[in-house]
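Below is one structure; the comments refer to it alone.
So that you can tell them apart, the chains are marked A, B, C, D, E, F, G and H in the order they are listed, and the count of residues begins at 1 in each.
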Amino acid sequence: MLSEPLLRRWIREVQRGRRSPKQFLESLRRLPYDNIGLAKLDTHRLLRRGLPEVIFGEGKTTQQLRRILKRMAGQGSLILVTRLGAEVFEAIQSACPKLRYDPICRLAFRPKRGKLVLSGRVLVVTAGTADMPIAEEAAKTLELLGSRAVRLLDVGVAGVHRLLDHWQLLQRARVIIVVAGMEGALASVVAGLVRCPVIAVPTSVGYGASFQGIAPLLTMLSSCTPGIGVVNIDNGFGAAYLAHLINRPIN
Amino acid sequence: MLSEPLLRRWIREVQRGRRSPKQFLESLRRLPYDNIGLAKLDTHRLLRRGLPEVIFGEGKTTQQLRRILKRMAGQGSLILVTRLGAEVFEAIQSACPKLRYDPICRLAFRPKRGKLVLSGRVLVVTAGTADMPIAEEAAKTLELLGSRAVRLLDVGVAGVHRLLDHWQLLQRARVIIVVAGMEGALASVVAGLVRCPVIAVPTSVGYGASFQGIAPLLTMLSSCTPGIGVVNIDNGFGAAYLAHLINRPIN
Amino acid sequence: MLSEPLLRRWIREVQRGRRSPKQFLESLRRLPYDNIGLAKLDTHRLLRRGLPEVIFGEGKTTQQLRRILKRMAGQGSLILVTRLGAEVFEAIQSACPKLRYDPICRLAFRPKRGKLVLSGRVLVVTAGTADMPIAEEAAKTLELLGSRAVRLLDVGVAGVHRLLDHWQLLQRARVIIVVAGMEGALASVVAGLVRCPVIAVPTSVGYGASFQGIAPLLTMLSSCTPGIGVVNIDNGFGAAYLAHLINRPIN
Amino acid sequence: MLSEPLLRRWIREVQRGRRSPKQFLESLRRLPYDNIGLAKLDTHRLLRRGLPEVIFGEGKTTQQLRRILKRMAGQGSLILVTRLGAEVFEAIQSACPKLRYDPICRLAFRPKRGKLVLSGRVLVVTAGTADMPIAEEAAKTLELLGSRAVRLLDVGVAGVHRLLDHWQLLQRARVIIVVAGMEGALASVVAGLVRCPVIAVPTSVGYGASFQGIAPLLTMLSSCTPGIGVVNIDNGFGAAYLAHLINRPIN
Amino acid sequence: MLSEPLLRRWIREVQRGRRSPKQFLESLRRLPYDNIGLAKLDTHRLLRRGLPEVIFGEGKTTQQLRRILKRMAGQGSLILVTRLGAEVFEAIQSACPKLRYDPICRLAFRPKRGKLVLSGRVLVVTAGTADMPIAEEAAKTLELLGSRAVRLLDVGVAGVHRLLDHWQLLQRARVIIVVAGMEGALASVVAGLVRCPVIAVPTSVGYGASFQGIAPLLTMLSSCTPGIGVVNIDNGFGAAYLAHLINRPIN
Amino acid sequence: MLSEPLLRRWIREVQRGRRSPKQFLESLRRLPYDNIGLAKLDTHRLLRRGLPEVIFGEGKTTQQLRRILKRMAGQGSLILVTRLGAEVFEAIQSACPKLRYDPICRLAFRPKRGKLVLSGRVLVVTAGTADMPIAEEAAKTLELLGSRAVRLLDVGVAGVHRLLDHWQLLQRARVIIVVAGMEGALASVVAGLVRCPVIAVPTSVGYGASFQGIAPLLTMLSSCTPGIGVVNIDNGFGAAYLAHLINRPIN
Amino acid sequence: MLSEPLLRRWIREVQRGRRSPKQFLESLRRLPYDNIGLAKLDTHRLLRRGLPEVIFGEGKTTQQLRRILKRMAGQGSLILVTRLGAEVFEAIQSACPKLRYDPICRLAFRPKRGKLVLSGRVLVVTAGTADMPIAEEAAKTLELLGSRAVRLLDVGVAGVHRLLDHWQLLQRARVIIVVAGMEGALASVVAGLVRCPVIAVPTSVGYGASFQGIAPLLTMLSSCTPGIGVVNIDNGFGAAYLAHLINRPIN
Amino acid sequence: MLSEPLLRRWIREVQRGRRSPKQFLESLRRLPYDNIGLAKLDTHRLLRRGLPEVIFGEGKTTQQLRRILKRMAGQGSLILVTRLGAEVFEAIQSACPKLRYDPICRLAFRPKRGKLVLSGRVLVVTAGTADMPIAEEAAKTLELLGSRAVRLLDVGVAGVHRLLDHWQLLQRARVIIVVAGMEGALASVVAGLVRCPVIAVPTSVGYGASFQGIAPLLTMLSSCTPGIGVVNIDNGFGAAYLAHLINRPIN
């Protein structure tokens, strides 16, 4: 954080008459608390959180999205729009020509330039085939943020041996994302087998008493196995974001 | 069902003048539909369902319970009172001197005379130690109804190997009752391993988002493994009753 | 289960030098716990549970379904896809030419060869006409698994005599599946009349305070009549699967 | 309603100078809309609704209750306090010496003088023994309001023949109040058998998925049998009040 | 109820040899409990409940509806199909040519011949304009069953004077049906003004925290004004049916 | 309120024989309680509440809306129709030619003539871009009612400095409306920074565990910061109406 | 807000050498964003929001409360502790000797010195007698903050004339707080009668389907009458705080 | 994982005749899948997950707890019992004499011998004073597992500057645990300020619409700020466990 040196310099400039009191006051007003420049949207999110702002695509109009994309297109950083319909993508594509689209997980994205990949591996595990789009949202997001994603699909607890067959894979992960709908029991079983943190994503896959994801959500929150952090229903993106923060060394 | 022969005999008696029309009419009034004698409470439940009426102890006054027990005490059949507080048991005990009480599962009971035990085994599995009272309610009920109960405790999914260690036990059961609170994932895992029907009992063990048993209830209903029938939260008795009906041959 | 003899033979082969330690180690790795070969999906579900894996059709893409069906088509066992839209069926049909489709209960299926039918009868009872698709899903599934299904439709409690008129049918069943929406009271009434286990299927038929099946679900779980196991809302398939497990003799 | 003649007379008095404009204005201010005198609490509820105000005992302090009772004691009309604890009753009894108390249904009451009983009969039916206090609250309230209450206890649907045995009783009622907890299925079955209106009272008897009365409440609201009006959980008083309004001729 | 005399006559015929035991047995089998002939659907509902069976149109297939209508068309009694889409009506119309359709309240109906109208008036009150279709379902049903319906629309509590302006209308009703969405407060206010029973119909009109009718449903159940019976959300038909039972004299 | 002088004049007219008793009685009947003329819908809402009646557009038929608009078109006061679909607007437009439509917030409106604007400023703050339509509904409504609306968009708590940057704007408001979906935390943060009342509008923006607005609704109701009044989910209009009442001086 | 002049003075002092850069830096660090001194708890809440911090008594230990009170006792401002049990009050009283306690509304308080009372009146209306403690919490809080509170008790909608009788009182309020449990309909009715903002407080008074305040909460949020802001269940304090902010002139 | 070398050794022993086939078979049976020794409870959890099994104290009997503790007392590893009442602790203490107890967070514990502390710091932040016991459960657990816990209490969003004052502390954490009840908004604000993962613990602190923790739970799950993993309500232990897994380097 360079804010304190900057402040000291400004005060010295005021003392020496190089910066007027009015200018100084104006500068202070522009600064967030603790004096770091956070004024404009995406640039500063990157500084503060180490990751750029991601656009939540749902509920935004085509016009709003186009304006945001145009503003971001000129920079070299990652652009990521989540939960975006294919038809909306087509309508906004021209605002950022390098933007690509994955129809399965409904992500639009432009990778950042010169991306480095972290060494830790994030394992993305799904209970059933229908959970795949959410798992793919997580895996794709991980790759765009700079983590290595390993996919392990369709190893639900109805046949727990399918999971046990991948013991080594489970042991080697730095973080595991478990994506499961219906009753969501997979998160508890996986977390009971491993040393690393588990991020659980309930999905709205299922019917009746799974109540669009409430059943797996409660399951995952109430798990008898500690070491699980839960994200919102169908929030593959959020799980990946959290996994990447865990995977990333601090320094 | 002996009602039809009985009816035929009565009609013959009317024809032959041995039974007056008024008597016959009176007899008919006493009969339920399809002409089986179900008039008085417990005797006829036994005939109809093959099992006597069980007393739900909760919410009944001491006076009500005493009156019911006195009426049942003279018969040789099983007496079973569920969800009964210890202090209530003491207050009603004298109404049926042979009544015994199990404070862990809160059952009061008097076994039926000359009980025969069925050959099929019912396995009662619990996820955690705190689920034990409900499991014991199930196991005790099974034994009183005439099934063999085998207990397998504390094999929750946080360490799935504990369950796999009992593979043979699981394979040999005619029915398995899975008792689990918190997230209730055990039912799915067990059902995925066996050939027999599984009865799932969600328990109110847990806190927060397990919502007094709603989380395991939804988990069990939404299970991705077919072959599970769910009973009410904490309903160990109901699970045992259903397991016994499954275990019992029809003839 | 032949795994233990197999293991013994392998150990003898190691002793006699006919199987190298490395080979033996490799074989062990392929085995699930307790040493039965469960490596590939459907073959082993059949061995372990006595019934093949059933495909949950909802939420799977056409492409995913086609790939699964192609892999299963070469085998002689039952193929069953649940909750499948008619238009999806048409798109996948060519992947498994013998697959047929029932548009009422939305099942796609190919019966297993040389099917034997169990002697016990499973009665499928509905409360109203609108519950029929779910009842049909249950009945059809029963027949495909190898149980005899008897249908008894539209005997809801608004006119309880309609049910009592079928006393004999009720008494002769090995298992009864009760399919009911709205308030779901039929399960309690049926279970109170019979000796056999009852499986209750709440349906989403109804409106307002039946909340897409929550009202009958709670009704069935809270039933004052013991002997009822409940499955998920609209889960006719699951009820049939459980009924078949009950109906099937063990050894 | 005598207000209109009264108004006419007042206007005439103004015309004739016997009533000053100011007096008249003052009188109008005291009147509710449509000019009936409703100013003071209990007197006017009696005029307007044909029944006196009933005191909801829960949540009121002893002091508040004593003040209300003292004010009512001097009049000859019915006094009724619902949901009143025994210890509170003892603390307030001296404020209205003729007040009596029923500890089972927690009602305190003083019958009105010279009570006439209506000819129509209100049948109060309960599903189980534990529903009795609520049924008694209904029956007692009916008798205090002036309707004849007939009690029919413990005829739940687990043994539907117990209900059918009382066919004549059911047919002869002007209104039937069905009091049922657990799954509350009795209301549907009763309403399907009779010609008269049915008032359903869900009770909080039960556990787990009956959720303190939510299960029977939803059951009763979603009933497939028309002709049922539902009141609040455990609201025996409200059912009786409504039944009495139905039972009372209009004139 | 003529069943008992009938029975007596049959017994005499058996005594006198005019009815064989086998015939008598057969007759008994056809009878419901208490010996009234209830064998076929609609005929006997009419005998037992005084009103014919009404068809719940939602969720039934065109084919099912056509078959039911054809069977009913030949009889003179009222035909009523509720919650029926306009396009379904067109598809089934030819099965019962005299059937008419009201697109606002989605009722299909054929009045019974020679209908008599009861003297008591049922007032149907709505809170807002958007509640009108449900109110119309109630009013139309009342008229078809034989009660006089009086409509009083758009008198919600946002301007309580609109209601007070109709004091006389309120006082003259035998039953009042209050139809209200959003917060449903109207039922409490109306019931506080009148002597007659009130039937409250919560509607799904509203948004957000009215949760498709849950808010007015809870409001109406929790009303501080006694004398209200609640029916299911949007259940105008059920309210009318209950109102008609109340309005109808017993004898 | 001019009713009392009016009444006095009428009474004098009766005294002087210029108004017959019958006429006077008739006039009284037309008056609401406390004798203010509230007889016709919109005119009197304006007198009583100081604001005209607003039309809730959802659920009303085109025909109903046209009739209401025609009746209002002749008056000079504000016309406002909320939650109106664009296609409905087109169908009703001709009934009130000066009606305009804003497709973003789905309001149809005709400003009142000679509108005065209040001095106090109402700040409308949104958490995210997708909350904008609801915020616009609030801002537009404010302007139509006569308050000055200042918009401050996209200052959600994910970057709290964006909000702090507008400190002066926050301090200068007479009322602040906070519009937020997802977790709705913005209301608490804003209210903690200001001296003025805050009105919180939860929106249905979000997915999964935000449950169509339940999450922000509960958040806002449970806020640890006092000084917040909450309105219904997505109820931008209601927030504006309340803000205007606060902003408006009384007498 | 005096912060900006203060800042200007400091900058001048730095320029003139009377304040060292280090001192200035230190002062800035103590300041919140926008440079107002908010460092220590209660002093600065007073500056920022115009009202001191209020202590939420529930869930705090005696020790925590004593420490907080001791720190506040030395200042002249208002001390207010909400939701405080009588026994806790006794245990903490000595930490702030001038603290008084109201057992009905469970408030502990020490008025601020030299309090001025605002001219606007806040009317606190309750539906029933049992809502009184919450109403009293509101009224007492208002008086301590400096607003005039007028109480109007027991005017629930079961007898709407009781409310209409107080027309003048309603018209003269600057803000009205409506406190109501059970169905909470009073808020809609009151808001429909007045020109001023209404704050609605749902209470947990009631039983069954009022679900500890959920019914009146939903009622108040879904109200068809605009102009209502809702606070948390039983939150009399919060309603008063908001009412005071509305009542207080800004500058 | 040393299992594979062990297995190789055993196979060699079989080859060389030093281990009989029967012994070998027996050893295999004891092993979980993938051949690591997990047979007895706590020893193997430590191997597999790197942390010993923790005892959930709630719902276990004194007798059960004593037996478990006695078995663990002889080993050197950490003993931790969560959610344990003070009176239960006293009753079990003698079974493990070195066990200590913290009454604030209700943990009983015996630190492991020779504990090493990780370098990364875990910041435990609370919104209010009443959230402290849960925060302390987290902090204590962290310290027992081997992470450094830094406490930052009472920085809720009602005064967001209190949080901003600790910018440096926030930036230096490897993981942040946010403990918040009421509306739980703090997690979103904190996560928006930092680079590290945030674990959110909703607490049951609050009343009314916070519904024992549901409000903050939904808030945290629906957060607009990515990078948050949520654990169960009041689950301070679970948050610490997850934080420790994140804090711990892998290999």
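In this section, a contact is a pair of C-beta atoms (placed from the backbone, for glycine too) under 8 Å apart; a residue touches a chain by one contact, two chains touch by 3 or more.
Quick caveat: nothing in here was measured; it's all calculated off a predicted structure.
Although chain D and chain G share one sequence, what matters here is the overlap of their interface residues, and that overlap falls short of half of the numbers used. Placing every chain at the mean of its C-alpha atoms, the farthest one from chain E is found to be H.
Centres computed as Cα averages put chain A at a distance of 39 Å from chain C. The residues of chain F that reach two or more other chains are 32-34, 48, 56, 128, 159, 161, 164, 192-193, 208-210, 217, 221-224, 232-233, listed in rising order. Contact between chains, using the touch rule, shows up for A-B, A-C, A-F, A-G, A-H, B-C, B-D, B-E, B-H, C-D, C-E, C-H, D-E, D-F, D-G, E-F, E-G, F-G, F-H, G-H. Taken in their complex, chain B has these residues touching chain D: 32-33, 38-39, 41, 44-45, 48, 53, 56, 58-60, 64, 68, 83, 202, 204, 213, 217, 232-235.
Those residues of chain G lying in contact with chain D across their complex are 128-130, 132, 159, 161-162, 164-165, 205, 207-210. On the chain G side of its complex with chain A, the touching residues are 4, 7-8, 11-12, 14-15, 17, 21, 24-25, 28, 32-35.
By the touch rule above, chain G contacts chain E in their complex via residues 127-128, 156-160, 164, 182-185, 188-189, 191-193, 206, 208-211, 214-225.
On chain D, the positions that touch chain E within their shared complex are 1, 33-34, 48-50, 54, 56, 120, 161, 164, 167-168, 171, 174, 192-197, 199, 217, 221-224, 226-233, 237-238, 241-242, 245-246, 250.
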